[in-house]
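Consider the two complexes below, in which chain A is the common component and chain B and chain C are the respective partners.
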Partner chain A sequence: MVDSVAKNREDILLEVKGLKTYFHTEYGVVRAVNGVDITFPRGKVVGVVGESGCGKSVTALSIMQLVSQPPGKIEAGTIMYYPEDEAPIDILSLNPKERKMRELRGKELAMIFQEPMTSLNPIYTVGDQIIEKVQVHFPMDRNEAKEYAIDMLNKVGIPDPAQRVDEYPHQMSGGMRQRAMIAIALACDPRFLIADEPTTALDVTVQAQILILMQDLQQEFGTSIMLVTHDLGVVGEMADVVAVMYMGKVVEYADVQTLFYEPRHPYTRGLLRSIPLIGQSGARWLSPIEGMLPDPYDQIIGCSFAARCPHRTEQCQHETPPWLESEDGRGVRCWLYA
Partner chain B sequence: MANYLTKRLIYMLITLFGISIISFTVIQLPPGDYLTSYITELQASGTVVDEAQIASLRQRYGLDKPIYVQYFKWITGIFRGDFGRSFEWNESVRVLISERLPMTIAISLLTLVFTYVLAIPIGIYSAVRQYSFGDYLAIFIGFIGISIPGFLLALVLMFAFYHMFGISIGGLFSAAFEDAPWSWAKFKDLVDHLWVPMIVVGMSGTAGLIRTMRATTLDELGKDYVKMARSKGLPEWKVILKHPVRVAINPIVSTVGWELPRIVSGTTIVAVVLSLPITGPLLLQALLSQDMYLAGSFIMMLSVLTVIGTLISDILLAVIDPRIRLE
Partner chain C sequence: MALNDTSPEQQKLQVDAGIENETTERSLSHWQLMWRRFLKHRLAVFGLIVIIGLYMLAIFCEFFAPMDPYVRYSQFVNAPPQRIRFVDHEGNFSIRPFVYGHKSTLDMQSFRRVYEPDYSKRYDLRLFTKGSKYKLWGFFPGSLRFFGVEEGGHLFLFGTDNLGRDVFSRIIYGSRISLSIGLIGVFISLAIGMLLGGISGLRGGLIDELLQRVIELLRSVPDIPLWMGLSAALPPHWSPIRVYFGITVILSLLGWTHVARVVRSRFLSLRNEEFVLAAYAAGASEWRIITKHLIPSFISYVIVSVTLSIPGMILGETALSFLGIGLRPPVISWGVLLEQAQNIAAVNTYPWLLTPAIFVILTVLSLNFVGDGLRDAADPYSK
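For the complex of A and B:
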């Protein structure tokens, strides 16, 4: 049942351990990512879910070493990347601006951003924005790179790619732009793809198309995907494994079936209960999680979910719950299971 | 495109027609005309004024005719390339202006290049290294540059150089070369003098442009497409120059056309202080003495350059930004 969770070292493509990314602002320190561990198995889709501000996007940017510094700073942790035939690399040991990191970025690790409107540069054609990337990593001249770009646009299902390669982002619809962005991300055949809320800005009908496209491409290229989203429906559709984040920490990690049918952490259970289900009626139809997210500037003692948790005990309010991992690879951060 | 240009050209002609009427009228608005100011001047110096001579002058210059006749005579002359005669200089307006034009254009273009070459890189640096020491320094110098009037800086420089080194930095040539024919030595002398107006005139423009470039670049630096460009693995300098800077520079490139009239008018007050032989002081003097054909032709010329400059700006904007269509 939990065969999606990696058990052997060879099955792991990327491993985030003890990641802490803080933002030092005028008003204090925001501990956006405060000790995150996530394992990304080779060739699988890992859904990272949580509310706005839980640190999921910052985790993604930390993996790419794209956190703006200052005000951001990666304070601690390792991000081990295991290429197939080469020695493992700790991404965080690389200088974000230097050659080695830049070779990983785009070639091995790629990213799709949330807003297709603002993530494409308005004054370059879609083709130029693919060609630019291809020419960094492959020794191609402009014509070869353009052929490659047309081929990529074709793969992401853009009609008339030979013609649309010369179009500007504003000449395309939202869905087409997101396809173009996927084409840019998948150019150069990266092993690890981060999709940060790839469908949030799109119409519902287009969302489904993009998800199906990503699934098809994932199977074709064998890419591992980190799917950052707040939408549990998308996770259920796409992910093999799910990491649930709350206040800068992973609170539960399990394969998707287990998570949906036997959620352990009270926060996960709360999240699942706050999805509207058609056919249910009465008071149980929707039950939101009580309370509000704590102030991001506060440093919380004990479990960060304690204030909103229906099962909290005295212990939860004073001691930080440990990460409890069972043999099948699933894990939870909660005193209920200690 | 052709349609758009035709439409714009027609609008330009209408605009210029309006400007010609207004400027001609405004020049005539103060009581009297060139001859009355001329008579006052003569009387002030104690010369006896011969009424008959004045009347004949008035007739010769057409000043006894109604204003619309004078306007008509002037405007039809312009179409034949005749801008009228300057009363004060007793010389054709065309000759007067073309004498001063080359040096005016030289100084203005030099200033323009100086402004852009200095301001754009500093603006980019200031934005990319926001709140660094270099950024604060640029902001500080920028504020000084904006707040000190050019003529004051000119006066201070002239005083300082005369006081400390005993050299005069006014004008464009040393006395020895003023009327000499062109030679290598004269050219070198010109270069020695040219940097003063270049810095004085260019300073406030540079300071303003640094601030514009910094602000527009900062607006773009935080955009998602910059992160996207980094995520492709581009080197940082290429990310900055190819993406945010290329977008941020649009408003600056597209307003280059507006500099066109400034290239010809120069900076009048600074030019007066530094006694530069350029067109600015000529216009000022023409307005003071109601030398109406000189002043009117000047204003017409500047207006033509302004509307052409605006057209150039609009076309440039469409060329550099694919989101803008000319229709």
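For the complex of A and C:
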């Protein structure tokens, strides 16, 4: 049933275990990521969903070791990266500023950001920015790198790449810039791509184009993708496996079919109930999840979702639920299944 | 996308119709765009031309000055400016401009020399004449002058000072010191400001806090008394050239604070830009990001702030020399020249001694216009 979830050790590309990333601010400690475990199978798309502030972006930045320190600090955990023919690397054991980590970034692990408007440097041409990245990682001369840049722009579907390569970001539309960002990210052929809400800032029509493009490129390059989003529609379209996050923890992990058809965690069920479905009879109203997110400065005893959960018991409010993993690889963090 | 769908014919039509489509803006770099906007600012272009002219005068002052600035014409002390004439005293027109020599009589009531044109001595003005010998930049001997009168004559366009030296030539020589002190001072303060502002903005924390308090302290002290104190501390036995550098350093010691603040604020706002994070994510080193992405993004603001602070430096030097605590004779600078115009009696009887002030004003105004133009050009949101 769950063929997308990695069962063998060889199928795993990246494994996050017990990750804790805290922010030490003037007002207290924000436990943005508070014990996250996610497994990223080789060549698959893992969707990471959750509300704003649930820690999905911070998890992504922690994998890249780009959490700004201070105020951020990775307190605990391991992030194991398994390259194909080399020894595994614990990313967190590397100094974020050292050459070793910099070589991983961009070459092995790449990232696409939410805002295509601001994630390109306005004073360089798009071509220059691809060339720069290529030259940082490969010993290519400028002409070769430029050829490569034109080739990449062609692959991401930018028309007239030989001309567009000399254009500045402000001369391009939002969708075009996001394509250029994808071209930069996929230059150097990374094994793992983090897409942090790659379509949130785009028009719906352009969103679809970008998603299709990412899917095509994922097939072509065989890249594993971590797709960070709050849009369950995007997850349903793109992802093979889904991790649902709430208050800095993964509450459910399953392959996409299972998650949509048999959600287990009450939070996942709540999320799915709050999506409008076109064509469904008018009798069903959207049912939002009751209550509000807790204050991020509070340290919660018991299950962090307990206050909003329709199935809460006495136990939920006092004891933290354990991570319950079934044999097929799906997992849930809830007392209901203990 | 729509833009790319237009056929060549359509694009040609748009160009023919005078519609500025995207192709005309294509592949213009940041600097080219900035230069274009700068050219639209008339006053700034005018200022730039004046500034370039003044700096040419300063660089080649030996060539442009018609007289030797150190030679004393003792028979022409405090002589008024000579008028450039085209018509002689008998009413004959000459296409070549000329001046009449001075003849002096002593006013027996005020015991002052009174100068009148001496119609018997007529000196023609010529371009590229041979004048007194000089050494260009202290190295290359020469005697060619841009313009002047033939040997034996004298040309006092702005009159002479109390030792009978030509004020015009002295102003041109003085521009070398006065204008270069602004440039060198600005470069020193730029270097200090970039370094300390950069550290402050990038590192933050305690160092930032400390540097900001130092800047506030320096800025809270009134300029003139601090300059006076510092330049009074320069040893009196120093050679003029050392005093010159001493003064430059003193001026830039205060000038860097402004640059440092600009640099710091730019670093603070830019380091949270997403493209910087994206550059880190692409595996760029911190040094690369600073030099290739951060500094080029704000260097135009620094250039603006630097251009606007050159006048302050020039005025500072002028003020110090005017007060007699900056550069001292025999060094010639505009401030040194203006020192002679300190008392009201001198200004009243020999108003031409104030002409260096006109050059100071011209320079400061022009630099401010250029700075304004650059500021408008550097801001992409200005219309």
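Everything below uses one rule, namely that the second predicted complex is superposed on the first by the 335 of 338 C-alpha atoms of A that agree within 3 Å, B and C clash if a C-alpha of one lies under 4 Å from a C-alpha of the other, contacts with A are read in each partner's own complex, and residues count from 1 in each chain.
Throughout what follows, a contact is a pair of C-beta atoms (placed from the backbone, for glycine too) under 8 Å apart; a residue touches a chain by one contact, two chains touch by 3 or more.
For clarity, every value in this text was computed on a predicted model and none was experimentally measured.
Asker: Based on the superposed arrangement around chain A, label chain B with chain C as either clash or fit.
Answerer: clash
Asker: In the superposed arrangement, which partner chain does A:66 touch: chain B (first), chain C (second), both, or neither?
Answerer: After superposition on chain A, A:66 lies in contact with both partners, chain B and chain C.
Asker: Please indicate which partner A:103 is in contact with in the superposed arrangement: first for chain B, second for chain C, both, or neither.
Answerer: both
Asker: Looking at the overlay, does A:328 come into contact with chain B only (first), chain C only (second), both, or neither?
Answerer: Neither chain B nor chain C is touched by A:328.
Asker: In the superposed arrangement, which partner chain does A:166 touch: chain B (first), chain C (second), both, or neither?
Answerer: A:166 contacts chain C only, not chain B.
Asker: Please indicate which partner A:111 is in contact with in the superposed arrangement: first for chain B, second for chain C, both, or neither.
Answerer: both
Asker: For the combined three-chain arrangement, which segment of chain C clashes with chain B: 8-16, 44-52, 116-124 or 134-142?
Answerer: The superposed arrangement places chain C into chain B at 44-52.
Asker: Starting from the residues of chain A touching chain B, keep only those that also touch chain C in the other complex, and list them.
Answerer: Chain A residues touching both partners: 64, 66, 97, 102-107, 110-111, 113-115, 118-123, 125, 132-133, 136-137, 168, 181, 184-185.
Asker: Show which residues of chain A lie in contact with chain C when the two form their complex.
Answerer: The touching residues are 64, 66, 97, 99, 102-107, 110-111, 113-115, 118-123, 125, 132-133, 136-137, 159-160, 166-168, 171, 173, 176, 181, 184-185.
Asker: Which part of chain B faces chain A closely enough to touch in the complex?
Answerer: Within the complex, chain B touches chain A at residues 223-225, 227-236, 242-243, 246-247, 250, 320-323.
Asker: What does chain C use to touch chain A in their complex?
Answerer: 1, 4, 22, 25-27, 29-30, 273-275, 277-286, 288, 292-293, 296-297
Asker: Hey, which residues of chain A end up touching chain B in the complex?
Answerer: 61, 64, 66, 97, 102-107, 110-111, 113-115, 118-123, 125, 132-133, 136-137, 168, 170, 181, 184-185
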